[in-house]
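Quick one: the structure is below, and I'll ask about it shortly.
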Amino acid sequence: MMRAELNSEAPNTAADILVFKKESRWKEIWRRLKKDRVAMMGLVIICAVIFLALAANLIVPYSTALKMNMKLRLAPPSAEHWFGCDGYGRDLLARCLHGSRVSLLVGFATSFATLLAGGMLGALVGYVGGKLDDLVMRALDIFSSIPDTLFAMAVVAAMGPGILNICIAISLTNIPGFVRMVRSSVLNIAEQEYIEASRAGGASVMHILSRHVLPNAVGTLIVQTTANVASMILTAATLSFLGLGINPPQPEWGALVSEGKEFLRTAPHLILIPGFMICAASFAMSVLGDGLRDALDPRLRT
Amino acid sequence: MSKPAVPLLRVKNLSVEYRSDLETVKAVNGISFFLKKSETFGLVGETGAGKTTTALTCMRLLPENTGRVTGGEIEFEGKKLLNLPESEMQKIRGERMAMIFQDPMTSLNPVMPVGEQIEEALKLHNEDNKTKDRIQKRVDEVLSMVGIPASRKCEYPHQFSGGMKQRVVIAMALVCEPALLIADEPTTALDVTIQAQIIEMIRELRERLGTAMIMITHDLGIVAQTCDNVAVMYAGKIIEMGTAEDIYLLSANHHPYTMGLFGSIPNLRTKARRLTPIPGLMPDPTNLPEGCSFSPRCFKKTSVCDEVSPGVYRNGTHRISCHLLKAENHWEAERQ
Amino acid sequence: MHRFILRRLLMMIPIIIGVSLLIFIIIDLVPGDPGSNLLGPGARQEDIDLMNEQLGYNYPLLQRYGVYMYNAVFKLDLGKSYSTKKPVFTEVVNRLPVSLTVAFNAIMFSLVFGVPLGVLSAVKQNTLFDRIPTGLALLLASQPAFLIGLVLMLIFSLHLGWFPVTGAASWKSYIMPMVALGLPHGGRQLRFTRSSMLETIRQDYVRTAKAKGAPPRRVIWKHAMQNALLPVITVAGNSFGVLIGSAIATETLFGLPGLGTFVVMGIKQKDVPVVTGGIIILAVIFSFVILAVDISYAFVDPRIRAKYSGRRG
Amino acid sequence: MKRFFERAALLSAAVVIFAMCGRGFPAAGADVRTLNLSTLAPLTTVDPHNTTNLQDITFLKQVFEPLVFQNEATGDYELRIAEGYSVAPDGLAYTFNIRKGVKFHNGRDLKASDVVFSLKRAAENPKVRNYLVTVADVSAPDEYTVVVKLKQPNAAFLNNQNMVFIVNRAEVEEQGEEFGTKLTLAGTGPYFLTSLKHDVEWTCDAFPAYYRGEAPIKKLHYVPITDASAGLIAFESGELDWYIAPIANWDALSSNPKYKTELVPANHISFICVNYLKKPLDDDNLRKAIAYAIDKDAMNIAVFSGHAVNADFLIGAQNTGAPTTGIVYDYDLQKAKEYLAKSAYPKGTHIGSINCSAGGNYEKMAVVLQANLAEIGLTCDINRLESATNLEYARTQKFDLLATGGEVVGDFDAWRLYCDTRAVGAYYVKYEGGKFDYKKMDKLWDDGISVADTAKRKEIYTELNNMIMDTATMLPVFHRPTPFVWTTDLNIPRNYSIFPQVYEWSWK
């Protein structure tokens, strides 16, 4: 906080920092983030989860996650099956590991899709404004006034199950909010003097958007996207619980939880372990998002 | 300048740091000054010289998580402020010692009518149980004193212009008739024409109410208009101090920094000058240079400047901390 | 202010038209037809055709939409449910109190524990008073509501016998849904309050208040809180609006006849009037809630009040 | 402005409080114990002619009665509103003598005109007219006689009457369009409705003027509980007196002395359909390989913890015309591999996907089936669909394999709706125009329904069953169990697999 005050006569617009300190800015952010122990914990957890998801095949082959053995049905955790076995006698550890792939894929893919679509649309309408802005925002009002879950259910019911359709449904429900957020931060940036200067210098809309507006909104975008991953993992799990998941026998965390629900009282590990996975992943992404926000906005740091 | 038995405010060897998990900023490095009743003391320097930190330390309003007093003491009306419990400090703030902040745009609560904000100070320090009517009357009084019609007291800050807001802030500070008023760059954020009005008003009110004042500014014109004594701060230290006449007297000895500040025409009668820029930047407060902290920018620098902290040259009320002048003794020691 | 409200009310018209058309199209894309759906496996084609004819489903999409909107606008008739033959409007009105109560209680509950804890953790930033509530909040916010609900049921219904599991029969039935929904939302609320509060307590006017000699309690609850309230209201209002229609898992678990489950059943059975009517009403309520949130800004913040009363408003 | 806000806040608070207090607990009589029951879904309607929904009928059976009632457990016909009946020698006319002194809940006397009205009304509703599809004409020669004329002989006619309820003409006409959506007293059953909130709760009292005598249990209270876990907790905490428990908790419940339990095999069959019109499933040997690869035991364990009864034939033995001998596919990997070797795909192949409705027993069946088929080298995907979509795809033959099932009640003829070759609507497997001898199948269906003699019918249906089994297109898996639990205070002489007869129950 003092730094900003002390250097208030130094170049301080975001553009200047970007132009002159592009590299050091990211280094600075990383340095701040490293100091945040909670955020680093989140980063470590999420990296571990991603690693496990990527290396799932090396740890346990996918066929283990599908191998049924009715004798082991609902077996509690043991030395042989660390997480126990599910209602078909399949190894829960293998299912959790391979399930992380789909869950993370859905979480990251939808966040990325939202980022791309929402970010571009938001930047465009925020910068161009006028009729286009009005039109797009009214259209988005339509989407956002329909409850998310119901909308996603209707879309999946119409398009059928499958990872792609679920990703589309989840992204669709999240884009309006994202567009709004990007739009307002772009509106803020667009008022800055250096944008005026650039515009006066005859730069094109696309040039200003891509060179000045978006790079400066990038902090907000990163923070929001990180937080989005957490909420999308949860949304996917909820949809899966409501019966809109991916097709079996492909494991997925939300599906594992909803499969385990039936056995909550007879074999609670079936719901608790994947539930914990979801919780840990979304927890990690949330604290990482919080940490990034703090690191990107030095005023909030102490 | 005769030394009173008990000064109103006495700052002794004060050092303040800002600590974050990444770095330590040495904002104030052992400054001492005192202030007697009804006196106006000017604190001049560039942004980042430690003026505001000094003021906030006097109010004990340093940011809790980061700001830390590492040495020295502050005595106000005979009380050692730095050891006072927070509840005692609350009684002093607003009642005995008030502050006007730099930016009137942000220093008023946007969701409270201005009258209520002024009233709050009165209510918080209502030891003699003034009635509601009495309090309202006082609010009206103080508002008209700063030139705002009392009828506007139900309006919100956003309905006022910048200058008017600063008047409200001043009214809020003066409503309890404090013994000391700290004005932290009260006009920096305002238009030039408004600046003059506000300064004029502050001067008038101070004279009328007999309040002592610390005027923090980087505008030497304002100092010339309002202050009895002036201290020039650089990198958390006072490098020159004396009466207004001492500082503004062209023929007297000056610290090279002060000379730089005045440029070539340090003239008491010329108003509304901004500081002429001195080449270079203030040293990084996380990493202050050895010796005189001004030496990297000094145009009269000698080899000793980089190694030893300068002592204090003394001439009557005028004190300068520079190697160019023969130091009588060390600054701090002298002021004991 | 009145003009602002009027303008916002007028803006609802295109939203309703858009929402209804969108939903009409999406539901039409769901494979199958209501007739075969209602009659189930083993029905004869002629019966299915007859059923569809009786339901008025045998016309093209746009014609059906036109008729539907005509009735909705001019007769306030949202059609009859294909499966129960009951007027959708009455059904929705009957279920609305349940959904409103559940959502309102949950949001109130989330505010009651989220806001004070959020303020506490902001004021005591980076201490245990901050870390424990924030950690707890994140933990709660990442729990699916049904899991909390089931655990609550096991504890409070089965073992303690304090609350009934089922029905919307008395206030007791609303306690566990309130907690099951309120806990995750309270977690979210806590985080928002905390960050909003962190932002606010660094503002100059908070320092001004301290400089006046105001005690910390007053500084926080009077000066900072009132300003930090805006994002808190926004989040609470938004969640309330959303919750009315999407507390599906909770409604299912606790057997509460709410709007969410109503629409979900409609989607599953391709009950076009139920889905369209239900979602239109939910969208209208949502718009009203958002309007109410915007109006409540005006009470918290005089600047916004001024903006609404201004010429543009 | 501020005042407006305050008022609005007060008003909304009042609304919420009203909403919370508006519903009181049902007033239970101090001396009469209320029987608390639940259904798995809200009541869609109380119009018995407008629903075939199992949950609705389960309840409506307590309020409305048919002419004759077929006891699920024994298969015998019991007389209800009809005091007696006679069948014309050609089987084309049924004459029912209507019981005298039967009163509707609204106090009116039941007359033959009510019966005629009810049958005609039912025949107009697409939902239930299946049961009356062979009826040509209904008439009432006098106040207590009803004659039903049929277009063709129908051995399952009486069985179908099970689902055709008699309502009071006057009341139905009074209520008009609203009949079914509000409280009605148009029934004659042992209980009459006293309150009705379709989605929340509904209550009944014993009908004092019931012609078989007033029911021992005087008050019923129903709540819909969609979630089975919640329902079980409700039962265990005493909110329900009787419940069909989730099978996963069966072991804990059946060993608990606090409850009485009974596991009754349901009159329901789960089966797997194979679409022989699609490649590579048009290969007869491949289909037989599939049939032998199905591990019914594993499915049984995965889906019903092993409590289901494996099915060899298309219909349970307790039903009329059920075969007891014939082609049976038992799990036999060796045979499966042999058939596969004989097929055009000896090394296995991808056979498309298994359709199933999402999140239920059929999905579990599909999961096990997929693993079973993988054992012999046949790969497939699973397509979990919303039930509506699933049905539509079944009806339009958009599936390769389909895991499904249905209540097949009373008579082998019930199967006809699923695979009658002439049915031009919803069925699972379409034989008409296909490579099998569908004409012969048609004839057998017709013969089966027009012959009255049970032994003869069984013969015909055994042949039909064999024909269908030989195509290996509809593969029976098991009859699901119904796990009943009830409090020890309750005396239940017999649990029926589908429709409980609360009239027979009493408090201890």
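Lettered A, B, C and D in written order, each chain numbered from 1.
Here is the rule we go by: contacts are C-beta pairs under 8 Å (C-beta built on N, C-alpha and C of every residue); 3 or more make two chains touch, one makes a residue touch a chain.
Since this is a predicted model, take the numbers as computed values, not measurements.
Asker: Going by average Cα coordinates, which chain is farthest removed from chain C?
Answerer: B
Asker: Looking at mean CA positions, which chain is nearest the middle of everything shown?
Answerer: C
Asker: Can you give the whole-Å distance between the Cα centres of chain B and chain D?
Answerer: The computed centroid separation for chain B versus chain D comes out at 88 Å.
Asker: What's the distance between the Cα centroids of chain A and chain D, rounded to whole Å?
Answerer: Distance between chain centres: 45 Å.
Asker: With chain centres defined as C-alpha means, what is the inter-centre distance between chain B and chain C in Å?
Answerer: 53
Asker: If you average the Cα atoms of chain A and of chain B to get two centres, how far apart are those centres in Å?
Answerer: 49
Asker: Of all residues in chain B, which are in touch with two or more distinct other chains?
Answerer: Where chain B meets two or more other chains at a single residue, that happens at 65.
Asker: Give the residues of chain D touching no fewer than two other chains, as numbers and ranges.
Answerer: 229, 386, 388-389
Asker: Hunt down the residues of chain A that sit against at least two other chains at once, touch-wise.
Answerer: 1, 157, 160, 261, 264-265, 302
Asker: Give the list of chain A residues in touch with chain C in this complex.
Answerer: 1, 38, 138-139, 141-143, 145-150, 153-155, 157-160, 230, 234, 237-238, 241-242, 257, 261, 264-265, 271, 275, 278-279, 282-283, 286-287, 290, 293, 299-300, 302
Asker: Using the touch definition up top, name the residues of chain C that touch chain B in the complex.
Answerer: These residues of chain C touch chain B: 125-126, 203-205, 207-216, 218, 223, 226-227, 300-303, 306.
Asker: Applying the document's contact rule, which stretches of chain B touch chain C when the two form their complex?
Answerer: Chain B residues touching chain C: 59, 61, 65, 86-87, 90-95, 98-99, 101, 103, 106-113, 120-121, 124-125, 156, 158-159, 169, 172-173.
Asker: Along chain D, where are the residues that touch chain C in the complex?
Answerer: Of all residues in chain D, those touching chain C are 1-2, 5, 12, 15-16, 18-26, 38, 42, 44-45, 47, 50, 52, 126-127, 129-130, 133, 177, 180-181, 198-201, 223-227, 229-231, 233-234, 236-239, 386-389, 391-395, 404, 406, 417-418, 423-428.
Asker: In their complex, what parts of chain A are in touch with chain D?
Answerer: Counting only chain A, the residues touching chain D are 66, 68, 70, 73, 87-88, 157, 160-161, 243-245, 247-249, 258, 261-266.
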